[in-house]
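What follows is chain A paired twice: with chain B in the first complex and chain C in the second.
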Partner chain A sequence: MTALAIEGLGLTVGAGAVPLLDGVGVRVGAGETVGLVGESGSGKSLTARSALGMLPRGARATGRVTVAGTDVLAAGRRELRELRRTRVSMVFQDPRAAVNPVRRVGDYLTEGLRARGVPARAATERALDLLAQVGLRDPRGALRRYPHEFSGGMLQRVVIAGALATEPALLLADEPTTALDVTTQAEVVGLLKELQKAHGTGMLFVTHDLDLAAAICDRVYVMYAGRIVEEAPGAALFGAPAHPYTRALLEASPSVRGERAAVKAVRGRPRSLAEAPGGCAFRDRCPLAGDDCARAVPGTRRHGASLAACLRAGEEPR
Partner chain B sequence: MTLSVPALRARSARPRRRRPLGLALAAAFLLAVAVAGAAAPLLAPHSPDTTDLLGSLAPPGTAGHLLGTDSSGRDVLSRLLYGARLSLLAPLGVVALSTLLGTAIGLLAARCGGWADAALSRAMDVVFAFPSLLLAMLAVAVFGPGLAAPVCALAVGYTPFVGRVVRSMALQEGARPYLEAYRVMGFGEPWVTLRHLLPNVAPVLAAQSALSFGYALVDLASLSYLGLGVRPPAADWGQMIAEAQGAILQGAPWSALVPGAAVLLTVGCVNAVGGHIGAAIGRTRKEGP
Partner chain C sequence: MTGPGTTGPEKTGPVLSVRGLVKRFGDVTAVDGVGFDLLPGASLGLVGESGSGKTTTARIVAGLERATAGTVELAGAPAGGRSRRDRLRRARHLQMIFQDPYGSFDPRRTVAQSIAEPIALHAPGPAAARHARVRELLDQVGLSARAGDSLPRDLSGGQRQRAAIARALGVAPRVLILDEAVAALDVSVQAQILTLLDALRRDTGIAYLFVGHDLAVVRHITDEVLVMRRGRVVERGGTERVLREPRHPYTRLLLDSVPVPGWDLERVARDRRALDGLPDDPDVPDSPSPDGDPTC
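Presenting the complex of A and B:
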């Protein structure tokens, strides 16, 4: 079964109907890891949150968002709560901020289970099992400790344990490693992958780190200004980026492999959908842009292993 | 895969923060006053209401009257001890009521937002515009003397102070991701607010309560002094000061000075403790938990 299917999701907010997302389509299969990559403000977090039915205040959505068979946009309050309780979980960016500082870790882990009617003793057993799974030494002692007694990496493990407590069909990871240092990052990502595989959970991995996404994801969606501009298998992304934006992003990140090459910044600054130019949103920053790019939003076309929303997909810059 | 938790050892290594001596003294004094009030029947050498006109205005140190007697010959120490009960309980009532009301209003305003926030905040502004003491006097004028009316009126008067603090704290805390995390887990808004937001606001609430207590004690003493609080012969400190005014002119100031000092010291100590709680919160917020 598909863990998450977003089809043609559009989002506008406020009286002026300011557009935030347009025609976003994302699919996450059971047990699949899917990356969602883009600069700040490209709408990747908004897209991930739509899977929880958490839209900005006063937002109007069009299209369809389906999570494990539930139509999220049409769901009522009770149905949404049930969905969040049982089928979707989220791992946040900064574990320090995402865990209530005045509650013990044990309370944090068992509260969700208790709310589903799991008896106290069984919930504690489950929490112990989860803490052991995420590699915490002395899980029993950890239950009694407060969040500030853990390091950032350890706390993120606790958060991951909490996210998996309800055996969700879909795990949303919203930049789960951004707040951690590099060695901890690798451990946490490894752990996420390992547990996801073991539990058969579909994971939507939101990040601005293209290398990380390409390394761990089965498929990667690249977002720009509230639209998906490229969809490619993780492995193919590095070898043959189809969309000029993806290529620019790759060139903008330093590499420790291969020859020494200058890091090229993407020219201009990221646009939100509301202030992006008509036609292709990337055309004012694109080295390949021509007059035809302004005519309409380009449709997706197959290029190699990728699907890219670009008229000149795969062309080298002049 | 097992990993150590280095933060474990941090707890024992953290140096103990030394508490200033003044704070300990203030806390000890408050505790002593509370015990004295509670155990008044055991500690008081005389009945607080027994008059002895022949032995009136005895100076402190007179045999059997440690703090002397007032103009009706009643033992000042005994009246002071019994007076502690009303003088402490009534402000406590004010604090409890205003904290309850203020927390409810502040949380509602912060979490609902929009027109509910606007309406509640403006309502608090209106109450702010009236001095609490004036409200209390109005209540006495309408409902007659006695403690119930001024206590309720003062509670209403103090509610905006609590409400505003809670509202701004709730707004500040409400923006933090851990509340979002609970919503993502499928918990409803009331549960998240009461069970997770409120405990994080509670320390500030405690500091605010301590300050309110000091104000309430002075306000209630003022009312009693004006003859609008407790009804004679029941004693509280404000009323004792009022009754002893005449004695000052007769050259016997102690019967007014003793309850006056009690009010002063108690309020001072409450403020010291409240201030310390506030400062401690400031420190933790700066350093992180």
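Presenting the complex of A and C:
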């Protein structure tokens, strides 16, 4: 069973049809952890949100987005609401923006269940169970407390509990640990993986952190300027990056392990699809680029364990 | 060690010397007996998580907070004063760069005007000379003259951080405090700024006090490091030594928390439990070096 299938997704916005995404394909199987990695403007969050039917105002979408059997782009409001209520959940970077600050944590956790018609007492029991699962020491006390009484890490656990309350088929995690301290990040990631395994939930993990994606994901998609440029198993991404952009990202990141190596800066800055040059969007920053890269957007080809959209996948810089 | 009686900047002694720094906010002790020396041209890291006191320490050194106890010496003279003269002297020797340069630029003035301002204040002279200096600074940090004529909002995050560095360098300070200065940048841009900072230190002999949470970045940019937890220094030493053979369980936890293929989350949990068993209440010393001991 596929939790999420995005096929050939294109997005444009406004009267000028400003392009945001182009030909994006992402698949998340049941119980699978899939990473979506990229820098600012790459379109990774837009892609993740499309799974909930959350498109920018005035956006026109082409392609297909299917979540647990529902065609999201064709779905009406009622169907979308049902989808968001029962099949897909989302965890964002800032838990404080996700919960209502003037309502108790207990209300936050039970409202989704109550809306599905679960009786109050049963909903509370379920909330207690969830809070215990995400490792809160005093679940009963936590139900009566307000969001400001929790640290960022603890509140993110509450949000995760809420996201899993309906046992969704798909969990969208958009930079869920970016605002947390490193040691808290490790805990929250451990928790997400554990719960995901227990419930067989598919997870799309959106992050700018290549190390994190490679460490926890079964497969990783790398995005640049609104397109997928590489798809690889998490570990292979590190060992043998096929796309020059992936390689550039790795060489630009300092590492805490192994020999101390110089970081290699990439010239220019990340671009959005609208600003990018024609043909391969990375060619103005790419050390391997030639005239042929300008002709068309390169198709996907296999290189080692990767699928890469590059004419020179796997080549060494001259 | 450089005493307060020494006249003029001591070339061989530390350019920055901090002893027994304490900062209390009400009942909370944010910084609890931190001390270190920074030699000319050296780079010292302050690492820790939120609440460790690393940023408060840096802000006290920069004169943005007043210490409850302890001393800060800059270029051989006490640097804690609040008078205009004291502040000017501090700013001439020490500049600070923050995570978000957007908040530190006047949105209505061009970047070049903002870069010229400290120069006009500290080294007044003909406008033509100042303009030439600004062009030189822009060039040094890799910004075009056109970027200099832009407003801060028209620059990218990386360009703004370059502009902040240019402005800080204008008065030729001896110490640059970098508080999470590359944390908000995209990886490919972060590498550009790190490379720039490397080159500046090599070329000018400026010293860095680098505050950060990202151990990989700290490893890249510093020679020595202080690991802080709950206001105290729990480990200090050469950066490579500390990262390769951490001695304090907290340093180990920080290292094991860095994601890697085959990441052992069980081990992180074990590290954390080991740490929970350790006393961290303030009446039990958990620092391997005595308070304020200058081993750096």
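To be clear about the criterion, the second predicted complex is superposed on the first by the 318 of 318 C-alpha atoms of A that agree within 3 Å, B and C clash if a C-alpha of one lies under 4 Å from a C-alpha of the other, contacts with A are read in each partner's own complex, and residues count from 1 in each chain.
Simple rule for what comes next: contacts are C-beta pairs under 8 Å (C-beta built on N, C-alpha and C of every residue); 3 or more make two chains touch, one makes a residue touch a chain.
Keep in mind that this is a model prediction, so the values were computed, not measured.
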So, after the overlay on chain A, do chain B and chain C clash or fit? They fit
Value for angle(chain B, chain A, chain C) over C-alpha centres, in degrees, nearest 10, is 80
Thinking of the overlay built on chain A, is A:Arg137 touched by chain B (first), by chain C (second), by both, or by neither?
-> first
So, A:Val182: does it touch chain B (first), chain C (second), both, or neither?
-> second
Note to self: If we overlay the two complexes on their shared chain A, which of chain B and chain C does A:Ala215 touch? Say first, second, both or neither.
What the structure shows: second
Inset, instruction - Look at A:Arg81 in the shared chain and tell me whether it touches chain B only, chain C only, both, or neither; answer first, second, both or neither. - result: first
In the overlaid three-chain picture, which partner chain does A:Val118 touch, first (chain B) or second (chain C), both, or neither?
neither
- prompt: Of the two partner chains, chain B (first) and chain C (second), which one does A:Pro270 touch, if any: first, second, both, or neither?
  reply: second
- Using the superposition on chain A described above, determine whether A:Ala305 touches chain B (first), chain C (second), both, or neither. neither
After fitting on chain A, the minimum C-alpha spacing between chain B and chain C in angstrom comes out at 9
Chain B and chain C footprints on chain A meet at residues none
Listed in rising order, the residues of chain A that touch chain B in the complex are 52, 54, 80-86, 88-90, 92-94, 97-103, 111-112, 115, 135-138, 141-142, 145-151, 154, 159, 162, 191
Per the touch rule, the chain A residues reaching chain C in their complex are 39-40, 181-187, 189-190, 193, 208-212, 214-216, 234-235, 238, 248-249, 251-257, 260, 263-267, 269-270, 285
So, in the complex, the side of chain B touching chain A is made of residues 1-8, 10-11, 176-188, 196, 199-200, 288-289
So, in the complex, the side of chain C touching chain A is made of residues 49-50, 156, 158, 186-192, 194-195, 213, 215-217, 219-220, 240, 243, 253-263, 265, 268-269, 272
